[in-house]
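Here come two complexes built around chain A, the first alongside chain B, the second alongside chain C.
Moving on to the complex of A and B:
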């Protein structure tokens, strides 16, 4: 049975930002905005009685992320610094916990991103690093709609599992235009390997493989995968292991809706 | 009727992706709604010989801004409704109750608008969505009427 949405309970303190397999939330201080903006085209003619508009190419933006300049391995400065002038390319997931740690069915912002800069400044006496993200032109060619759901919170699994399902339609959407998904392995498996697969179902009981990740849980990393065409109403994540013992990871999924 | 129209008696509707009008008022952040009605930009027509600055109006705009709490309740939550309508058009209706919930004859602003956004941000510790509605090209101009 699909998980039920938790409602009007999304707070900043329950938000988590995962970048390339690293949870930066412990250093996070601020977020400017996370948006999908269709951008307007002014179509007003001389004789129109009110200004009128159509939409242009949409812009996906995650701006104004500010974090403490923590230089420990896997923390904000270590992950976000752009050494050697190279632009950092990341899989980015912003998870919005509903009343607690983000869990299955909670909203997520999903983005194959290029990081624009790593500006460091002083804020209230401490050094902070600020990062802005846009869609990565080198890897993202389609299915970039970012507003999705959490398929697996950033928690550990120790045995083969099938997660609770999520109803993607939420009562109103159609799902004919593909999807993207990102996995973040935040604590690696030490003894074996995992196979992670997203399944979909029209009836929440008969499941078929929709897309699988290449990532096998053996290293801290992330991966973005895409699906073309229709997605069934219900999705869930499965993980199978052979000799594996424990892996901590998060998965976000965003079907193209508008 | 009269001098008794309060924000707490306002009702905000926007269509979901299936064309059903959804009441988003419970998720509307107090004091966040802007731009209801027509904003007429000024054209300064003052000539050198005029005794006072004088103006005409240009084509009016109707850009409505609002902020909603990030409610993901199935079907009716503002996050659920608005994320499915990003870049799409729908009927926007704002009803103003006079001293109570809106009833027949109360003021109402309505039109076909395209939704731009949502942009998610933090406000006083809560996750909120900023959205902008602009009139849809080719549709009838939004206007004041009476509801409900």
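Moving on to the complex of A and C:
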């Protein structure tokens, strides 16, 4: 059965920011904004009696993420200190847990991102690092809407599974124009390899493979994949590994709004 | 409705527990007709004639005859 969208229950303490396979939430202090912002074009003519506008291409932004300057491996400063080039490219997912840890069907902000630098500062007596993200031009070649859903919370699987499905029509999604998805492997598998596949269904019963990740769960990493064309109403994640021990990962999914 | 050659990595019917992969042959015994029609339009399956199918091809084998 599909889960439904969560309601009035999104607290900061249940938000999780995953960057490139690392959960930085334990160091997180503040978030400026995560936004989808169509630019405006003034279309007002001489004889119009009110200002008129059309929306132009949108900008997708995640700004002002502030975290403790934790320099342990895989923590905020270690991940966000910029070294230039490809090291600044991240898959970013912001998960909004509804009344608890983010789970299947909760909202997510999904972004193939480039980090525009870092800023180290002092805030309330502690050293913090701040990062801003924009859409990565080297990997995001088509329009990618950021507002989506969690297909798998950042939890472990120990055997082949098919997750609970998500009914995409619970939101405002268009399902005719493709989608993007991101996987973050936050704790790697030590036995065998995983195949992670997103499936879709028109009736929540018969399923077809929609897109598979290349990531196989054996290292901490992330990957963004895209789908062209129609997506059916229901989606779910499957993972196969006949010799699995344990792999912890999160998957976010966002249909494209034209 | 006939028989269909699978071009998708995995087609699954939760109700029957059956799963098919690329190269398998499926029929409307395996999936509802409207689902097969939708998959036909999306290229997940294609129609095949009976004389395209060698004996033993249905449900899980992976080769087609020259037809």
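Please note the rule applied: the second predicted complex is superposed on the first by the 248 of 258 C-alpha atoms of A that agree within 3 Å, B and C clash if a C-alpha of one lies under 4 Å from a C-alpha of the other, contacts with A are read in each partner's own complex, and residues count from 1 in each chain.
By our rule, a contact is a pair of C-beta atoms (placed from the backbone, for glycine too) under 8 Å apart; a residue touches a chain by one contact, two chains touch by 3 or more.
The structure presented is a predicted model; accordingly, all values stated were derived computationally and were not measured.
Once the two complexes are overlaid on the shared chain, A:140 sits clear of chain B and of chain C alike. Between chain B and chain C, the partner in contact with more residues of chain A is B. Legend: residue contacts after superposition of the two complexes on their common chain; A:49 is shown touching chain B, with no touch to chain C. In the superposition on chain A, contact is made by A:98 with chain B only, not with chain C. Using the contact criterion defined above for the overlaid structures, shared-chain residue A:197 touches chain C, although it does not reach chain B. Judged by the touch definition given at the top, the superposed model places A:205 against chain C, while chain B stays out of reach. In the three-chain superposition model, chain A touches chain B and chain C at no common residue. Residues 8-15, 31-32, 34-35, 38-39, 42, 44 of chain C are the ones touching chain A in the complex.
On the chain A side of its complex with chain B, the touching residues are 4-8, 10-13, 15, 30-40, 43-44, 48-55, 58, 61, 94, 96, 98, 106-107, 109, 147, 167, 170-174, 257-258. By the touch criterion stated above, chain A contacts chain C in their complex at residues 197, 199, 202-203, 205-209, 212, 229-230, 232, 238. Listed in rising order, the residues of chain B touching chain A in the complex are 16-18, 20, 26-27, 38, 59-62, 69-75, 77, 79-81, 83-88, 114, 116-122, 125-127, 130, 134-139, 141-142.
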